[in-house]
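For reference, chains read A, B, C and D in written order, and residue numbers begin at 1 within each chain.
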Amino acid sequence: MMSTDFVHHPFHDEDGDSLREECGVFGVVGARDAAAVSALGLHALQHRGQEAAGIVSYDGQEFHVRRGNGHVAENFGTGEAMAELPGTMACGHVRYSTTGGTGLRNVQPLYAELASGGFAIAHNGNISNAMHLRSDLVRRGAIFQGTADTEVIIHLVATSRYPTLLDKFVDALRMLEGAYSLICSTPAGMIACRDPLGIRPLVMGHIPEKNGKGAVVFASETVALDIVGANFDREVEPGELIEVDLDGKTTSHRPFTKTASRPCIFEHVYFSRPDSISAGQSVYSVRKAIGQQLAIESPADVDLVIPVPDSGVPAAIGYAQESGVPFELGIIRSHYVGRTFIQPSDGARTNSVSRKHNANRALVAGKRIVLIDDSIVRGTTSLKIVQMMRDAGATEVHMRIASPPTMHSCFYGVDTPERNKLLAARMDMEAMREFIQADSLAFVSIDGLYRAVGEAERKPKCPQYCDACFTGDYPTRLTDLAEKTHAGQLNLAPGKPEKVA
Amino acid sequence: MMSTDFVHHPFHDEDGDSLREECGVFGVVGARDAAAVSALGLHALQHRGQEAAGIVSYDGQEFHVRRGNGHVAENFGTGEAMAELPGTMACGHVRYSTTGGTGLRNVQPLYAELASGGFAIAHNGNISNAMHLRSDLVRRGAIFQGTADTEVIIHLVATSRYPTLLDKFVDALRMLEGAYSLICSTPAGMIACRDPLGIRPLVMGHIPEKNGKGAVVFASETVALDIVGANFDREVEPGELIEVDLDGKTTSHRPFTKTASRPCIFEHVYFSRPDSISAGQSVYSVRKAIGQQLAIESPADVDLVIPVPDSGVPAAIGYAQESGVPFELGIIRSHYVGRTFIQPSDGARTNSVSRKHNANRALVAGKRIVLIDDSIVRGTTSLKIVQMMRDAGATEVHMRIASPPTMHSCFYGVDTPERNKLLAARMDMEAMREFIQADSLAFVSIDGLYRAVGEAERKPKCPQYCDACFTGDYPTRLTDLAEKTHAGQLNLAPGKPEKVA
Amino acid sequence: MMSTDFVHHPFHDEDGDSLREECGVFGVVGARDAAAVSALGLHALQHRGQEAAGIVSYDGQEFHVRRGNGHVAENFGTGEAMAELPGTMACGHVRYSTTGGTGLRNVQPLYAELASGGFAIAHNGNISNAMHLRSDLVRRGAIFQGTADTEVIIHLVATSRYPTLLDKFVDALRMLEGAYSLICSTPAGMIACRDPLGIRPLVMGHIPEKNGKGAVVFASETVALDIVGANFDREVEPGELIEVDLDGKTTSHRPFTKTASRPCIFEHVYFSRPDSISAGQSVYSVRKAIGQQLAIESPADVDLVIPVPDSGVPAAIGYAQESGVPFELGIIRSHYVGRTFIQPSDGARTNSVSRKHNANRALVAGKRIVLIDDSIVRGTTSLKIVQMMRDAGATEVHMRIASPPTMHSCFYGVDTPERNKLLAARMDMEAMREFIQADSLAFVSIDGLYRAVGEAERKPKCPQYCDACFTGDYPTRLTDLAEKTHAGQLNLAPGKPEKVA
Amino acid sequence: MMSTDFVHHPFHDEDGDSLREECGVFGVVGARDAAAVSALGLHALQHRGQEAAGIVSYDGQEFHVRRGNGHVAENFGTGEAMAELPGTMACGHVRYSTTGGTGLRNVQPLYAELASGGFAIAHNGNISNAMHLRSDLVRRGAIFQGTADTEVIIHLVATSRYPTLLDKFVDALRMLEGAYSLICSTPAGMIACRDPLGIRPLVMGHIPEKNGKGAVVFASETVALDIVGANFDREVEPGELIEVDLDGKTTSHRPFTKTASRPCIFEHVYFSRPDSISAGQSVYSVRKAIGQQLAIESPADVDLVIPVPDSGVPAAIGYAQESGVPFELGIIRSHYVGRTFIQPSDGARTNSVSRKHNANRALVAGKRIVLIDDSIVRGTTSLKIVQMMRDAGATEVHMRIASPPTMHSCFYGVDTPERNKLLAARMDMEAMREFIQADSLAFVSIDGLYRAVGEAERKPKCPQYCDACFTGDYPTRLTDLAEKTHAGQLNLAPGKPEKVA
């Protein structure tokens, strides 16, 4: 009865040994088939969230909502689906798990009928004081349908006492802390905005039209502009709010005090597609540069450079080019990763790693190899892959990681395991090496990472990026966490970003 | 109502501009959970057929059949599915389209209750006189359920007048022409065999067990042995029939006059997974060697070597290593290829090529590039990809193909377009180059291809491989084709292989 | 994805020529498997609403919600469904169409997390000032999920400034006008109440347990008590609110000024099952008594008394017994009424009446007959049935209707066509007879109807029942209707019930 | 995934305490939308088989097949379904359980491509030597797809050595023993036939068309003619074979030696719809006459005559009219019978009888009643219904059964329990009365039953009907049963009908 989705994020195993971006957003104003454009755009953002997808369109009179579990193609591939979503403005969302199993209540865009009319919202990020705000709203009579932090924003808008919708919306934003890139639809047009630190990405472009007037497009990544034939204009700036009316006229607002931005550096390392331009740079080039840094910082005397597919490939190319060691596909990955398989009682290797990856035995047998991977989370995948290489006859297996050790949880929209499950939070370098049974292990340094993104180094007083997962240096307050774990213990002074160890 | 399968062969677009292997087969005798082992094995063969899958198990008393449209994981991923398939012997099949839309009648393994007991059969290949045999059987009262040529084999067995099942089976095989690798289950055990020319592959291995007695495994490719933890023992020889009883005892039979074998050379070029060992050679190494041949035969004065992902990657690595030009990912492919998307009326590029491939603009802009692809079928994909590279700013786009021109249809189990749709059958080299709008175009030579597989050259009198798709040199009679197109015209003398232009 | 429900209300055709009760409610406190008890109870109320069903259970810690389109058995027949609904308290709901096609948002019981904790509500009836209240709530920032009037009640509770939940609930009820029988679950127990006029029914009973302590049960009709093995204790009184704590202790409240009750008289005529006890009387006996009244008021000189099945059967038995004319099944109804069938272009009679009803030709041929039906709505069904009898050879066809002419719409929870579609609102008696092509036509008189329910006559100043569909005498204000049609025109004085013609 | 069918045969409980007709057949030649006509016709025959339905149409060029589990309306209610079934000739089938759970292989009409062209067959009845014939066919190389006895007929036709299809078909029929009413489609037209004894019914009619030329229709019962607007022409005679060509020209053949016919008398008692004409008589009138016979043979001194709904109603009307005791609905049946409900651990009555039937307490309390039911199979339903009446306060409960005791299994297409589960085969009259706990129990006599169908009495030497379920007097050989239970024991002399005790 359910549409079944058997194919998973190509970069992950199902054992939870991964980090997961939680969302991608897309919006378009002024396209003849806005929902079809949005479906394509979301399809290009599918890697940012594969559990559910939704589109809300507006036809000048009414809003139309369609949401479902599963991939974009499953929910929006048919003409029937598009016929349900008429209009020239649409916004859409892809997301990871609908936590709590409560069906579609949390699938975005959320939609509500406010006194001012319909209001749709798609959110990438995480509000770190959502529980706090929610409690207060419920005390005042608000009725919540789901558990998503995004719903808090709608209630803040609905109950704001400012006169205009834009004022109400800004009033709501001011109460938020954390990370948010938002795309909203109203009967007057679209609103796109990014939190003051610009933690999550948001870009803007336009589809040129023959008859002169084009459509305005917003998306989490530039690849979504590419697929819909849009030109990339610029990023939505951190702290910027852009209004687009139904005629495509755009107005930029700056409702926040200007602060230094802190975009997520992990977007470069892992989340964004390599063909995206993020924070002004080619993600592919950055990843290659990380590999080159790694080769400089941590060379390995080996015969072959082998990527852990697919996310380790660009860094491995960089590593190979810098080191002069040949780049070879020593691990072949299957494109068909079933969610579950029954474990035979015989000797079959049925873990998700071996269902997805197979050693290219003829290549690696008798060779010394260095494996290049993007990150280590729990370490279980690395262990299995090292073992797979040894079983295939590799005589030495070295591991190089294209990011610094992941030691802290993310509270800004990335689904990380709890801290005590992160390998790098539990062990020192030698213990990690031993755990994954590699002959040597090295991570790129934090400054090496900053160099790869074109900085001279990380400025410790005022880091150019959010790198809290590596450093614990959280750029915002974390009210919900503080309240959950007792403010006293965390000594979270109001107004001041805190480092949570 | 149906489980929907939105993700397609990673190597294809949906425009039919591709060749498609039609099947993969797997069998195991003596494993405690034979169906679960088979599900894993078929999963590793998923690239050989993605439209439908089936497994038949035998528990010593009864046969159990389960077949379905869709991927292996969709049909065999659950404990319920496995519970329906008890027993220590099982055979399975993955296939491409169930032609005719007649539901599950053609999904294999086929199963029938013969006078001798249950009989299951899984077939990779194509019987080139199936229509001829079928007409004769129907005239004698046989009732066919489906359109698959495989059903002919069952009826030949059922109506054979030999006394034992093995005799009946050999009697049936002797009437067949064409390509077949077969795995059959009977109450006495398993029968695996390969046609006299060995056109389609079939390998044999065993799962070692701690208590000394292991399971015997057959599969289309060695990757299916890897995933179930089996050791690769040897290929089933062309013209060999191997009986395995329920205790795992194997007996080899040679029911045919010995002839020189002619395995399909395209398995190396395209069908087999790069981590498989085919005809004694690493598929990955052969593909790299083809790339090296190409670089020697047809160098290009360029800045970057760019594979058309994913199937062009090994040849591109070989080409880059031979030429010294850097290997780079200039095309990024999405792993989420929805079957259909509605075409917006705006400027979005919604063809399947652009939904699956995106240019890495930052990399290719301003560069001279050479693209490496495995083959050209209709040419439409090549045209789109060349265009995509030019749109992204490449200044020169050269194309190199890791196979000779595909000029003839296959009648041995590969779904090729009709001859008049094959670009190389319609145009000369320069016209092809013009059609795909490349700055230069070259294919590896037929002798270059043979050198890559380790031969000195192709022996024209007695070619070492079936290369009919390149040469039109068909190694068997093609009775059905001859009868369809009037024997007179083709002058097909009985018993003599014919070249069909 | 959808469960498909092909079998419809046995008493209706699909042409909309019918009245439809909109809901049934059920609740139980103190039963070991409260959800399973509720599923059975709702199953017995299925005739009151067949489009959707829901149950909310409470296990002492948490609320569990399950709702779905389709029949109770489809949604709650499995052990898995029950396992999702643990606890000893549960309330449930069956309903007619989820108007607007917006999926499950309007399926009840509705559930919300209030500041006071979880709150589930199941509602039978209709709030005649719901739109008015809703507009006001939205203006104050409330966000509505669905279009059901019931959601208004939750928001009124959530935003009430009274201190306790019970006070908030009563505060909310005081703002309502219209008809409501409500069953609510809170962490403290169950609340059941009925509007001051008692328009919709609600009964109370208990399941005796061996160990002394039983469960308290509420339901729309006594048949739901029968099926769960509960004894019928009494009706919930009009204007009464009963609290039941988790230990089963009940407390009765009277939050409204006492007024004369006005239960819906149509429950006797049509909605309730004949084996229910409604307003202290056997529905079956009342219907037979109506038939007897009809025979006295409007005799017919005929050979056979024939019920229009199934709802006309009890009245036909009464008519036959009073008149002495034999009761016979001249119309046979099929129990399989498919929602749709394609109309062949040939002569087949494919309207829903002929798919559901067939003439017993051998019986009626050559006979004079009187048909007994419960009501006439649009008249289209009556026309077809009269025609069917004539086609079968009946020489005279008389029609007797076991209710007065239905001339006015219901605003209290019955889905009636708009007034201008009601046959009796458009035509006089002779025109109606001519329309349905009967030889004679008669309805029971309004006083005859009151006599059948045991009254001497209808008291015009203070009618004992709500009979607005027959008389236009609406017992409450109809604010939404008045605002929709301009208060001025209707001259609706505040506080005074109005007759809307 | 599956369409779910939650509503069951109205006459049955799910405890298996019932007899079940196994099939209904329908065919039409010369109708513009033959499939739509067939869908309606099958819908009217739904009571004869509710588990699966199928239609095969022929458009002059090709046959089109559609079959599915579930009701006719579920499978053939949509325009899409009809669009798959073009043509002016169609035949269809409804059936009970697809025994063995092997999906759709046994759902009829069966279809095969023979040397002579397409051949579709729909069968009502049971071939009592099917296993015997099947074994022989398999030995000769036939491959069976399903387990249905009907498939034997196709293989007999396919392997017959007669020259024409009609000759082959008659050749096949001559080998059959048992009961069969068959409707077959071939490229030349339709063939309808009935076994020599005419055990199962088959009627013939035509749809009159305005332009003079009508369609020919065959069906199991006349109600299927009524619903498609066809006139009833006559029964297909026992032993008659009627050919209809595509122009509607009919030819009658008599391929068998003339014998006295033996139609199934139970069709009158139970299977056929009351509005059908069976063997020249109104089923409703026969059932009333049985009730009258019962009242004469076994009067009861009671206050009320109460039918067990719905199948007992006509007999109860007859009993009431003959006895002068009032007919009343003392048991109300629900039209919503869910397949399963979870048993609460509390006191709820959840057996299928109480989910389907409820006592009309107000009516029966304090009364002496006689219950009229059609038959007793295992007796468990009768026990529950008697108990229900006593619980409702009936002071005396008498039971009268409108058929003689069912003591023998049927081998002609009715799904009866094994003999040792039939109450009447296990107990004498007094023991049965005690088992069901009635105050008295009586069955109509076998001669009374014959009188009700218009005979003076049963002719013991040459009974006018097949009444084997009451008498054990089987009118054909039962080869499969004999071989299964050892011919020696049964002493089955060839050619002579045997009484199997």
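As a convention for this text, a residue touches a chain if its C-beta (ideal position, glycine included) is under 8 Å from a C-beta of that chain, and two chains touch if they have at least 3 such contacts.
All of these numbers come straight from a predicted model, not from anything done at the bench.
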What is the chain whose Cα centroid lies farthest from the Cα centroid of chain A?
-> D
Please determine the option from B-D, A-C or A-B whose contacts repeat those of C-D, over half of the contact pairs being identical by residue number.
-> A-B
Using only the C-alpha atoms, find the rotation that maps chain A onto chain D and quote its angle between 0 and 180 degrees, to the nearest 5.
-> 180
Cα-centroid distance, chain B relative to chain C, in whole angstrom | 63
In angstrom, rounded to a whole number, how far apart do the mean CA points of chain B and chain D lie?
-> 51
Two or more other chains are touched by the chain B residues 3
Considering the complex alone, what residue numbers of chain A touch chain C?
-> 1-3, 112-115, 138-145, 154-155, 158-160
Listed in rising order, the residues of chain C that touch chain D in the complex are 3-7, 10, 31-33, 36-37, 39-40, 43-44, 46-47, 50, 71-74, 76-79, 81-82, 207-209, 215, 223, 226-230, 273-275, 277, 282, 284-285, 310, 313-314, 317, 321, 326-329, 332, 334-350, 354-355, 358-363
